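Listed below are the structures to be examined.
In the two complexes that follow, chain A is the common piece, with chain B as its partner first and chain C second.
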Partner chain A sequence: MSATDGMSLRCEGLGFSYEEAGVPIPALRDVGVELPAGRSLALLGASGSGKSTLLQLIKGLDAPETGRVVLDGCAPDSPGYAGLQREVGIVFQAPELQLFATSAWEDVAFGPRRLGREEAEVRRAVDEAMALVGLPPEEFAARHPYALSGGEQRRLALAGVLAMQPRLLLLDEPFVSLDPATRRQLTAVCSRLRASGVTLVLATHDVDIAWTLCDDLLVLEEGRVLASGVWDAEGSGRALRSTPRLREPFLVALWRRLGRDPARAPRTHAEAAEALR
Partner chain B sequence: MRPAIAQYYPGDSVIHRLDARAKFVSVTAVAVALFLRDSFAGLAVFAVAAAVAYMLSGVPAVWFWRGFRPLLWLIALTFLTQLLFAPGEPFFSWWVFDFSWQGLRFASFLSLRLLVLVLAGSVLTLTTAPLALTDGLAWLGRPLRRLRVPTDELALMVTIALRFIPTLLVELEQIMRAQRARGADFSHGGPIRRGKALLPVLIPLFVLSFRRADELALAMEARCYRPGVVRSRLHPLHVDAADAVLLALTAAVIAVGLIV
Partner chain C sequence: MTPPHDASDAPTAEPAEAGPGPHAGPALELRGLRYRYPGAAVDALAGVDLAVAVGESVAVVGANGSGKSTLARLLGGLERPASAESAVVCGHDLLTDDGRMAARRDVGVLFQNPENQLVAQCVEEDVAFGLENLRWRPDDMRRRVDAMLARFRLTDLRSREPHLLSGGQKQRTALAGVLAVPRRVVVLDEPTAMLDPAGREEVLQAVAGLRADGLTVVLVTQEMDEVVGVDRVVALEAGSVAYEGGVSGLFADTALVRRLSLALPAAADLALELAARGRSLKPLPLTLDELTTALEASG
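And then the complex of A and B:
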């Protein structure tokens, strides 16, 4: 994958509420976060803590009631903002439910075509995106999306967003209900994206995958920020231990158990093996 | 987004507490009587009866208006065609059209009849929970089972369909968001372009609905659903004195309406 200039993200005092039977139910209260270009952020929190809502506000699918989302230093009222919003990619929970075209290739091409790209550029972007998610076009291009397996469908839907070449990618629970092999493939795709410079926001319950992929951390509880900043096991990461419905990454807990300094816990199994050898 | 038909306004009024079957029979009888009678006096009797029932239900008038508004076109069209084509002494002519007092009278009568019909119908649908209504219809349709019409199964189908409308609306919203994030545009262009833009939404929605229907059928079988077996009810229908009063009042209103 070619190198990308990541997009920086800053959320300021975001507030949002849903309405149920005329009564507003707050989903986010004064949420702020700062993510420099090219870094990756783990968005953690129990179900209903506001993770998905935050992603939708960042993409601009909902307008915040208070606060604003600043992209690449541009405020929402500045002229280039709509263009920047188009460079934010979002992959919803269970994105395989949005596949609709009659071939895998056509489905991935939908986004870049809607952006008005040249056909040659579309072709290049689609082929590259399909290869990146492990669905080589020479094998999968003509397949019908609904004839693919669940894991392949999930990766195809991801390719549909990657083909739009986002500079900021928002992933909502991408690892849910996947078998271990697909999970590994998807984790590998994420780390390749990260290495290429894309800014990444990963909302997930899988704290172990988040620990290997993410530099920064944002913990939400009932729509409020519980902890944020660089993910340091003994700093911002402490919030995970003190929240009953969350837990620390396995490797951090292991380091604690071994009597080693959890602040220096390894990020990957390979690093752990190296340290324990 | 709420379907305009079969809306239910939860409440605890006299009308809400009546049995669904009694209400259904009463409204149907009034509707039939409405079409048997063609005098303004009879119409006025039924209109007053329906209006009183609506007021007793305690449902805000705006709810009736919401259900009635989509029908305004139909009523306007009825009014116009009757006005233009009913035979009578013309008092005013323009091009090929003749306007007569008889035509005007007949057009107003038909429009008012439709209005009263919709009013009576809304009292039923606004004050009866969809589940109670389908249960009531299934009970009333029971004699048809002798003719091998699967009335209970039909009622269950209607219940499931009503139950899944909100679920499908939520899913529709999610798919639209996802496609909008991929650059789909649902709000610009002419009808053809907009229709085409809906394709990426409708296909996943259909696939999802069929999958859901399959899963629901399996889940129901796993929980021992058998078609044709008599099932018990969580809220059994239940008739009391108020329902008898309703039926007696309905008979009286119809008698008066047909005689005056």
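And then the complex of A and C:
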């Protein structure tokens, strides 16, 4: 895919609560994030730790009660901020539930058309996005979204977001319920996006996929930042060991078991096999 | 605990984990089971043969769209089979309306998405929902619900509205509700997909506990690490059984694993990468423990 000028992200002191029977339940407390353009961030934390809420605040779907989200160095009161927000793509959990058009191609085209793109540009973006997620338009364009398999629907929904050419992409548990082969395909798509320069935030419970894809780490616990920064197994990554509801990546745990330096644990099985051969 | 009250459709035995008493024969026996969704061009299940013994645990794996969830719904008596030479679950014939109704009582099904299963105003009401429908006595119901809340660490959340729960909490609530009603067979359709690592471990331990209590468990999963440890694995491909047998037998056939859109457990995958580089570990390790031991033993 073509190179993308990724967007930098800075969250400053974000706070947010949900209300239950009139009582505020804090979801995020003083959360800070610093993610340079083009880097990929693993957002890890137990269920209910605030991962999805943080993604929604970054996209601007909810307004934080405290703090602010700075995109490409622009604060929310800057004149170009709304335009930057439109360049933030978000893929929700189970995004296939939002498919609605009568053909796969039309579903993917909905977003870029809504952004007011020229039809020729829409065509190019849709074709490219469908190819990128492994649903080549020559084969899938006319298919009804509901006639696709679960994994194909998930990838189609992702294509719908990618067709809007986001510079910052937020993914909320994208691998849930996918078969291993589809998970591998989607991991490869994320890897290509990362290589193209898109800034990536990946909220997931799959710490092993996150370890292969992400440079940086943000660990949330009950809405607070437990660890952040470059993902170093013996630095920021130690939080994954000390938090009872989380776990370290398989390869880090293996390196520790074998008495090797976890800080130098490989990112892929191929790298691990090279080191152990 | 005393039996529930005298409603004619109430279970007649003690509401223990193992369900309302034993029955003769296998927990489930399917021959040539077919199902097709309305308007679909092909069968979702194209002649499934499967027998599961009482107390056995079986993992069902396969690509998205291979028929796993359809099979789960049929086992729970929730759909009428298109046809079958035989389809018997807990002694109930799934080909008859009465049989399917009876199967719904004995077979608990937990679906992929707990959102679709939570119906009440708060967690404890949700857990009690099935028991209320079966008209359990209030004291029995309260004890049973308390036990389920404790088992799934939901006691502190008992008054919370389900829509305010996290995904993991919702799934635990749904599971507690399914298991509140005494069952003979539990069909779990990707029960851990939305849980964090600890929540996943917690549910898997609960499932192991159910097996120890004598329940028959059918675990539909995409997590290859969860397959390790069940008695038997069944792999579906386009609505038919493509593999049935031991766990290590499936993972030893890497060509089949690839064809079925599956994967190897992480330990086995790394072991094959090593084998491709000339360092072979035998037998194929399936867990981190086995891999560590094999690597240390082979120097």
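Everything that follows uses one rule, which is that the second predicted complex is superposed on the first by the 277 of 277 C-alpha atoms of A that agree within 3 Å, B and C clash if a C-alpha of one lies under 4 Å from a C-alpha of the other, contacts with A are read in each partner's own complex, and residues count from 1 in each chain.
Just so it is clear, a residue touches a chain if its C-beta (ideal position, glycine included) is under 8 Å from a C-beta of that chain, and two chains touch if they have at least 3 such contacts.
These numbers were taken from a predicted model, which means no experiment stands behind them.
Enquirer: Under the stated touch criterion, which partner chain does A:269 make contact with: chain B (first), chain C (second), both, or neither?
Expert: So A:269 only meets chain C here.
Enquirer: Let me test your reading of the model: by the given contact rule, A:250 touches which partner, first (chain B), second (chain C), both or neither?
Expert: A:250 contacts chain C only, not chain B.
Enquirer: In the overlay, answer first, second, both or neither for which of chain B and chain C A:150 touches.
Expert: second
Enquirer: Based on the superposed arrangement, let me know which partner A:90 touches: chain B (first), chain C (second), both, or neither?
Expert: A:90 sits against chain B, while chain C stays out of touch.
Enquirer: Can you tell me whether chain B or chain C touches more residues on chain A?
Expert: It is C that touches the greater number of chain A residues.
Enquirer: Enumerate the contact residues on chain B facing chain A in the complex.
Expert: Residues 171, 174-175, 177-185, 199-201, 203-204, 207-208 of chain B touch chain A in their complex.
Enquirer: Can you list the chain A residues touching chain B in their complex?
Expert: My answer: residues 56, 59, 61, 86, 89-90, 92, 95, 97-101, 110-111, 114-115, 146, 160-161, 164.
Enquirer: Touching residues of chain C toward chain A in the complex: what are they?
Expert: Listed in rising order, the residues are 62-65, 112-113, 160-161, 164-169, 190, 193-200, 222, 224, 258, 261-263, 266-267, 269-270, 273-274, 276-279, 288, 291-292, 295-296.
Enquirer: Please name which positions on chain A make contact with chain C in the complex.
Expert: Where chain A meets chain C, its residues are 18, 20, 25, 45-48, 93-94, 149-152, 173, 176-184, 205, 207-208, 244-247, 250, 253-254, 257-258, 269-270, 272-274, 276-277.
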